[in-house]
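There are two complexes below, and they share subunit A, which is joined by subunit B in the first and by subunit C in the second.
On to the complex of A and B.
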């Protein structure tokens, strides 16, 4: 009977958003976005946890053993894959910004070009 | 908005979020509770389809259509990165110079390369039996190739990595997933329904279409990750920055996209 794991997820989320808000560097901002997103992994895994549960893989375990919730684990897997590719896309954008504008400071990117 | 104002707006929003989130947490079922209706049903569905790894069953059987969407996000993110990181007109390539590698590093990396590759393929193939699957194994196998970059140099990596082939492989992985789904339709069932015989529990042949979809995803992830890393390595190793940022009209990202797609494509093909 504890809500601590859920609260940890909220705390990670807030830390990530704080980093995004105060960021002076777009690469740092992309990293903060990844931190923000990782809060959802913690929340999903916390929701799916069962006391005394094992991994939901029955290759060795008997089929009636108590396992943690596989649905949220599958959601976390989806989350990780999407997060990794979107991070790559954002970093590619930052590379192009650095080339075209010579800076990765979001505050210095106010001018319009092209 | 100045940094100070932005921080205050964040603090107000964060306080509101913290309160609402904490209240919501106390409304959630207690941590570690035994009662999981969705989990119980997913385990039952997975076992009835002879799939030992319930997570693979959820991803490739119960939620196969959602996973198609997820795979498409991966596909489009890689496509977007390729488009963004093309060689622009004002950039030129410089052949990287081979660097000296410590013999011990070289031996270790060359020893680990086949091992890591094998582990990656094993994880893809055993996705329905043991923890793992196409997504996880694909990343392991793709990064294994890059041990060659550590062991030798960039040119050695480019030799084992015909980029065009991996770009085709990525599309083929995506296509294989859709075709597996359409095959189910032709067999008289729903799109992406599990129509193959379920096989023997906890063996490589178990799970019906789960291993097939796992392999399709594995192919796409291997190719996608190789293409992604290749683009970023190109930026770091080969592409030289234009001499000065002269503020020419072709700036701001939209300009270079306009007419020179064909040219850039040709350049890359010649290099590959």
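On to the complex of A and C.
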């Protein structure tokens, strides 16, 4: 196990945040948010990984065999469900905004200043 | 029934209610779905109150602990999910539930026409929101806290953008959604780091494992990451930008919940995580936590007050007042004493009633005049003396006027803060005077027409006026009873909190139990009863009353001066750069979030030894 997966997770997060900050399109921004979330999947799986471990399913493996951490897999699954909900809702809001406002450029949305 | 057994029901009851409403809502008439929603919310409130009344007394019930599904920890290692009904969490669950009942009654006549074939969708969403808030207040598990955090977040984004026919609510909901979700993912990164270090997810288990070792960079990083997300929800500066945008555009009943209790749950989360996970020798030293949170709290209180004073959009004004009060709550938590916690808890309870009542009054104005603009409404609401009276009482209570609950909470919290640094007393007085003064100023102009009619074009820089569509199908003629009764009841509740001595002593016990880290861990993991320490319950003291009266007098003076002499252009120009930060641009808000995380890191770095 190396430090590489942790660096990858950090990199993905920073790239997503960079995209969010510079985004000129709200669909793209929601995509970037999903990218930042992907970093949490990578980090979770990296934390639960064990060298030489197999899937934590004991149906056809001896009970003392080396397995990866099943908890982080459950966490990652929950995380994915949460992320899918958030992304779907935000995209729906963007679609509606395009209909009512005629633009998806965050620079053009200036009604809430000050 | 065992108190602990009630805990899962507090979360499950509103979820069941929401499911029933989603399944049957469109076939039911409006009245039936409203009654159904209110019934489920009330049942939840009763359950939460039952837990609250039984918790906090000496004996095994001090911390009702429920391992869901009977998955108790084995040898100190947890495998299951735990719900803990400590008095403070149970109190917040009860507060959220009572506020939800008030909001559902208020919106009974508020949304005149639900969208076709969508009857029941609004109460169903509110019930899911209630489940998220109650779950967040009662959970004893860090990952569960993240899930409930996102559950209440997602519903709140949907509720903010509930009026999908208008562009402004959609913008507010988007900024809210992106910034809060990003905060939640940052929190999840921190939770993962803690899991990597300890192999546990429960507050108590993580705390114990951390205390077996020395604090290092990883613990610090985990603290910063976890706290960042919670501070985003709490709208601490510089994570606060989403709040005014979302609160200004959300339907008024939703504002009552967002400002009244959801934001405060963020503060609760910070306090909860610190006291149960990081307060031991393996976590973050007390001095470092105090420094970090005090700086953010003071910044939040001051910036919120300045921006609050500058607004003419009534809902934005109230939203910024929430920001500045959150700053005061953070200071109360930062001083790390039981008095600070219990004072802040009482302040939060009182503030919730007052702020929700003020939003309710703003909602009446919006529905009658299709505007919440202070200048536009000048003198027009003279025909609504009852609403004006409620608004004025709300403004005075916001200043901390004795004997309101907000006043008693402020008095206890500011005394606790004053022990840490004397100038914090002045900050409490100043901030509550400015925010209360801004509300009184708006009230004087709108309901009494005092002073000169404000002219437009005086201010420079960006300006958000409050001309919008009413949220009822047509403009209100007569004001329906629930729209007046709900704010009156909320203000009465806030008053009762300050007058009934039993409330203060219960909150005092809650604060003492909350700050007893070892007691929490022992009751959750070892099933041992926590000892309730004996102390003198807080009560009205001469200094508290005087300072409360002082800030009220200051607020009235400020409001009168502002009405008599409108703001000069010079002051407005001076503050224009501060206002320009609130750009409404999602990218800017995300950049500020990153900057805030960096600031938090810098403030806590001396904690690494």
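Criterion: the second predicted complex is superposed on the first by the 110 of 114 C-alpha atoms of A that agree within 3 Å, B and C clash if a C-alpha of one lies under 4 Å from a C-alpha of the other, contacts with A are read in each partner's own complex, and residues count from 1 in each chain.
Just so it is clear, a contact is a pair of C-beta atoms (placed from the backbone, for glycine too) under 8 Å apart; a residue touches a chain by one contact, two chains touch by 3 or more.
Since the structure is predicted, the reported quantities are computational estimates derived from the model, not experimental observations.
Contact with subunit C, but none with subunit B, is seen for A:23 once the two complexes are overlaid on the shared chain. In the superposition on chain A, A:106 contacts subunit C only, with no contact to subunit B. Of the two partner chains placed by superposition, subunit B and subunit C are both touched by A:96.
In the superposition on chain A, A:59 contacts subunit B only, with no contact to subunit C. When subunit A is checked against subunit B and against subunit C, the one touching more of its residues turns out to be B.
Once the two complexes are laid over each other on the shared chain, residue contacts for A:70 go to subunit B alone; subunit C is not touched. Under the contact criterion defined above, the residues of subunit A that touch both subunit B in one complex and subunit C in the other are 13, 17, 21-22, 47, 71, 78, 82, 85-86, 89, 93, 96-97, 100-101, 107, 112-114. Within the complex formed with subunit A, the residues of subunit B that make contact are 3, 6-7, 10, 14, 17-18, 21-22, 25-26, 28, 30-34, 36, 38-39, 42-43, 46-47, 52-55, 57-59, 63, 66-67, 70, 73-74, 77-78, 80-81, 84-85, 88, 91, 129-131, 135, 202, 221, 224, 228, 231-232, 235, 241-242, 245, 247, 249-255. Touching subunit A in their complex are the following residues of subunit C: 143, 147, 150, 153-154, 157-158, 161, 164-168, 170-175, 177-178, 181-182, 184-185, 188-189, 192-193, 195-196, 201, 244-245, 248-249, 310, 461-464, 579-580, 582-588, 590-591, 594. By the touch rule above, subunit A contacts subunit C in their complex via residues 9, 13, 17, 20-23, 26, 29-30, 33, 36-37, 39-40, 43-44, 47, 71-72, 75, 78-79, 82, 85-86, 89-90, 93-94, 96-97, 100-101, 106-107, 109-114.
The residues of subunit A lying in touch with subunit B in their complex are 1-7, 10, 13-14, 17-18, 21-22, 46-51, 55-59, 63, 66-71, 73-74, 77-78, 80-82, 85-86, 88-89, 91-93, 95-97, 99-102, 107, 112-114.
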